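For reference, the structures are reproduced in the following blocks.
What follows is a pair of complexes built around subunit A, which joins subunit B in one and subunit C in the other.
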Partner chain A sequence: MHRFLRITVLLTGLFAAFSIYAAESQQSVPMTEDSLGPLVEQPIEFPHNRHAGDADKGGMQINCMYCHTYARRSAVAGIPPLQKCIGCHQSIESVRETPRIKKLFEYWEAKKAVPWKKVHDLPDFVRFNHERHIKRFIEQQNRPFQEVCGYCHGNVKEMTVARRSKGLTMGWCASCHQKDHTVVAEGGTPIGTQAYWYTFYKPEVEDASAGVLKAKGPNDCWRCHK
Partner chain B sequence: MSISNLLENWSKFRHTHPVDDKPHDPYKWAMSIDLDACSGCNACSVACYAENNLPVVGKEKYAHGQVMHWMRIEHYWDEDVGEEGGREFPDQGAQFLPMMCQQCEAAPCETVCPVGATNHTEDGLNSQIYNRCIGSRYCSANCPYKVRYFNWFNYPTTDNVWPAEMVQQLNPDVTVRGKGVMEKCTFCVQRLRAAEVTAKSEGRLVHDGEVQTACQQACPTSAISFGNLVDQESRVHRQWRAQQVELDKDKQAKDDHEEPSELRGYRILENMRPYPSVMYLERVRESAI
Partner chain C sequence: MMDSGFDRRDFLKVMGWSGAAVALSGCGNTSIEDGKETLVSYVEAVDYQIPGVGVYYNSSCAQCDAGCSINGKVREGRVLKLEGNPASAINRGKMCGLGQAGVQHHYNPDRLREPLLRNGGSGETITWEKAYALISEKLKGVSGEEIAFLSGVVSGHLKVLLGNYLSSLGSKNHFVYEALAPGVVRAANKKAYGVEMPRYNISKAKVVLSFGADFLGAWVSPVHFSQQYAQFRKGVDGQRGVLIQVEPKMTLTGANADRWVPIRPGTEGILALGIINALGIATGDIAAAVKGYDKARVSKETGVPPGHIDKIAAILKLRSPSLVLAGGAAEGYAHGSQNAAAINLLNHVLGNVGKTVEASAAVPFPQMAPAKGNTAALKSLNDGLAEGKYKVLFNYAANPVFTAPGAMKFKDNMAKAGFKVAFAHYMDETALQADLVLPLESALEDWGTQVPEYMAEGAQINILQPLMENVHPNTRSIGDILLALLKQSRAEEYKNYEDFYAYLRSALVQNKAALGGHAMDEDAFWNETLTKGIIKLVGTTAALSGKAGISGLKLPAPAEIDEQYPLQLIPSVNISLRDGRHTNQPWLQESPDPLTTIVWDSWMEIHPKKAAELGIVEGDIVEITSRIGSIKTQAYLFPGIHPDAISVPIGQGHEAMGRYAKGYGVNPLKIMDAVFDRETGELAMHETRVKVSKTGQRVIVVKDESAAGAKQIREKIAGRVYTDNVDLTKEV
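== the complex of A and B ==
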């Protein structure tokens, strides 16, 4: 009887210890090689690094929202129409004969859209709004756009074909929504509901720029789930 | 919401009265339905089917009580129906009552969900999270209005629910629910969220009339009005105030008088204290249909 009790106590203790360890250790998101997401085969291997990368690495430093133009005014960021690619590339003679651009013009002449595949695909029961995040961090806090897009999309300016490098799980979203983000950073503008409340609780200018006023992201199931 | 946050700020999260101690701000979505205007045409129900990707289950499943109408028209008859005195099928004297989720402030369904799939939102909606729901159906059992509907089948793969060409008609802003999930009227939350996002980006609140529910939009007699109850100028607020119906009361002051009130506004099963968000306006004309 005593032996039975001893084993029970030992097992309970071991289980409790393991549970505490498991709860405290960071849950890692399964990823493939060099912690990038699954490789999505695209019809044309689009070089993001060439377009958006830094100038010293041979990039053109184009704003993400020059092509993904809907991000700032709608829920989805959008894939640029083929017209947008051609708009620039018809006057760039130096790369006109390279295989990828040739392929691009083939689509153009056949009057067919490039069948791009989705890389950051959220489940159907999730509602994500690009516009709100752009407004909150780029317009309101005046943060650089590549940093802001990178919160969810990773360092796209160093990728060729974009890959999903962040978890995009609910816990991952919530980890950011639970943080206290400053409402207005230096040089930023209060907009949206913040602007509305700002008229009532307008803090001293020094305080506002020092980031005293803080707010969390929405924490209500139906904000993101549909 | 982490456990530590919950423990530290317990007094902030604790409610002593579902509505009274923590007023809604800046939104509280509410509805009022004028039964005098309702002609029982079912347009609201049809609009709801189209907007919310509701499956058309067919005659057989309907007979089994597995119909998925979030918005249903209840029929009541002036004459006796049945064996005792009345006729079997009355040909006139029908009265109609559109019934959908009442978005209760103290919702009986929320407290019994074993997995917390149904919650209360800040703007006074009773949310239903499909991907969290495990299908215990306890909420439906506890709902006094019987407005929760369960997916007994995987309707997207069931024949004739959405024939191939009808798939294009599905609303992308609403999940297509799978088997084993509970669902109910959402007050067209996808429209509310879209309007809120637009308003927020423009630095204002949602105007009255800017957002309509699908049933309201389809109603030919404008019997349904919907809006923000916090907004003093909104149509729905003015109606509630004119009828002296208050959200946070389980018995309205006007009903305390001995003489019956001339006012038509009432809420269904109000004395059970679910604090529903839908006010009905009693019918005054005689049934002509």
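== the complex of A and C ==
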């Protein structure tokens, strides 16, 4: 009897445990190109479209990296210091009295940081490096910055507050790393003054006669899981 | 009560499974916190600060007095990790575990944050202004003789400032107390070599014979010696160096030795003379004096088999130069000076002086050289306190209430001082007895200069600079405090120095020509100094002047076994905890003792043979009783100890200090007799006799080693095999 009770309790426990796991895992993001994240409410509804959008849509066409200045220098992109916002806005009289800008100046005068909420986040065991991607695609290959940032962040220039629009799962990352990307010379070198291979392997030469070399992104576990 | 059959064990199983499930789901997307976690940006950007990118600053380690130079990684304004600075000749880019734990000192949750004034049994938070005013008030009408300042080793500009402060008070009572400094060896070296601390060239020696000098663990400059040791093992002329360690309790160095020779505690000097005799190369009065130390007698008195003595002598003769070291285990006796002198004599006889024992360089500013001291200073302070001589007592970087031997009754005597000021990082045992406690910045927040006692090559001044802003805004630099106190009486003289930084900068910049910066302007020199973290100097080298003398060298016969207290207590030095000032750094508690692998506790090492005699097995809680008192701890059977001795590590047994220190283990110094070296007056650390009895309780010893590992170590210890059939030259 006691034994039976024990086993029942254990089984119940196991079942409960599995249900917790199953319930959690249902949330896993499908590996599709586009996968909308939650709508995140921010302390100030920052209009990305106004700042970075195209001129014909009323945008200022500001380079992403003008504000997200750490992205090309560090693993993390960072959020611009408040000082940066104020730097421009103190001399833009036309919008000075709008509710959002008033709120911005309130933070500034109190010397308090704006408590932005994270929109793009990866698990702690993944090390994504902004700098590497920017070097690879913007600096070395001269692709348009909005396209490059957009690989992962979506079409931010048409958003107000940013919203995650890609899966950012491992499968999603790998789907891009498995693609053949054009490289400048054999072996991924020389690009600028820096020489490195993109993978452990020599890039597959596709249509070498046309002088087009292609290589896949790094595929070693430790690139991201340090 | 009905037995439902669902006991604690089953309950835990269920809990375990659910826990695992939660953990598993944690691996999924739930660790992603978009929309939840706040991203805080800077309000204003800070120069040179890029989130995610580290910047590196050079500074100096202050965890012990070896004076290693460090390089700290700082990210987002927080220091994260320390490494050694490769430019320093002392540590060449390396650090020890104790040094690594420096960040845990810095971020320690138990650090003092506000000045505290005693109010009955508790401390009341006061302002710095009030604290300074109070000191000035208490010093009014007190003569210089009635003021005492107790400190650990101080050097560099802090020492100068402290000297000036004391002279402004008209006091000469600066007591420098380092509980574990090699006080006796320094005095013996001074006689034998003319300097207190020569440069030991371990890397040039072909044989090192060390009498209890744990130079790989905790002796003088362990990181430096470890690197020398690596070279020594690679060998000179292709001959791998041979290390012989003679000591009653195996240290880390002993465990690395080719031959570990257990010796009856206190007879190290006799063995040294016995080896001189066996060498047969001494002449004159030395030869005459050692004549009596024939093999049979020496072997009988020291417990070292005659064959061992022969072999040690043979290998010393065969391979030259060698190096003989006198360390902590040899000096801790009433005749410690004699022991050390006999051991140093061996270096003279072997012709090592000038080859492996060399003159060391000194910084050409003698006022900055370290103020050194050992337990003799503590004794004289303690005597003064007992007589009620001191009205005001300052304490900095020492914790005598914890480290003074129980027989001194330091705590009671300290209470006789009228007003006690402690400059402290933690509320340690001594701070707890003070009337005013002033919180200090950590070494990673402070400015300063260090002049290490043991110089590796040339001379150097180490720079201490803040790696980050204060974790606790109301802590202050000891330099700033002394400067503020100095200004109370000499405001005019020091008015140009707003703070200690200004003092330091102007003192160094004014002397830039002598510090290698004659071609630079002031800013360039200063920036370069801070960038490098070290000022290298040619240094002045005092030639070795001592000579081989045997006059006055008299070694007592080995002590008789005391019937009532038959065992010798060896308070051993743990490589992480040292004198206990860092016990509140949990990494150090957690890193296993290298020989026993025990963590977070004290233990008593006892030889298995002795344990069998007393019916003790591992984990027995035993009571160790001396004339002074008794302590209780767990027994650990250890073949690396002489059967006539037991050993308990120093550093545990705190009654205060913080959450990681208080209440762990026991303090062997509490039951220590106050016996002093006859010549130097330093405390004889190994002169306490004890008896051991079982209490009947038993625990499981928490340690890393497995039963198999322990067996292996036991088999490796050659000292256990008392045989003459060992040829050291063939073994290595």
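Throughout what follows, the second predicted complex is superposed on the first by the 165 of 226 C-alpha atoms of A that agree within 3 Å, B and C clash if a C-alpha of one lies under 4 Å from a C-alpha of the other, contacts with A are read in each partner's own complex, and residues count from 1 in each chain.
To be clear about the criterion, contacts are C-beta pairs under 8 Å (C-beta built on N, C-alpha and C of every residue); 3 or more make two chains touch, one makes a residue touch a chain.
Keep in mind that what you see is a predicted model, and the values were worked out from it rather than measured.
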> Is A:V40 contacted by the first partner subunit B, the second partner subunit C, both or neither?
Replying inline: second
>> Touch test for A:Y70: subunit B only (first), subunit C only (second), both, or neither?
In response: second
>> Quick check on the superposed pair: does A:C221 touch subunit B, subunit C, both, or neither? Answer first, second, both or neither.
In response: first
> Who does A:G78 touch here: subunit B (first), subunit C (second), both, or neither?
Replying inline: second
> Touching A:D124 in the superposition: subunit B (first), subunit C (second), both, neither?
Replying inline: both
>> On the A-aligned overlay, A:Q178 touches which partner chain: subunit B = first, subunit C = second, or both, or neither?
In response: first
>> I want to verify the contact counts: of subunit B and subunit C, which reaches more residues of subunit A?
In response: C
>> Output check: A:V114 vs subunit B and subunit C. Expected answer is one of first, second, both, neither. What do you get?
In response: second
> Both subunit B and subunit C touch subunit A; at which residues?
Replying inline: 75, 123-124
>> So in the complex, the part of subunit A that touches subunit C is made up of which residues?
In response: 1-3, 5-6, 9-10, 12-14, 16-18, 20-21, 23-25, 27-29, 37-40, 70, 73-76, 78-84, 107-108, 111-124, 164
> Which part of subunit C faces subunit A closely enough to touch in the complex?
Replying inline: 3-6, 10, 13-15, 17-18, 20-22, 24-25, 27-45, 50-53
> Where on subunit B is subunit A touching in the complex?
Replying inline: 1-2, 119, 121-122, 125, 127, 129-132, 173-176, 189-190, 193, 197, 200-205
>> Touching residues of subunit A toward subunit B in the complex: what are they?
In response: 75, 123-125, 127, 129, 131-132, 135, 178, 191-193, 195-196, 219-223, 225-226
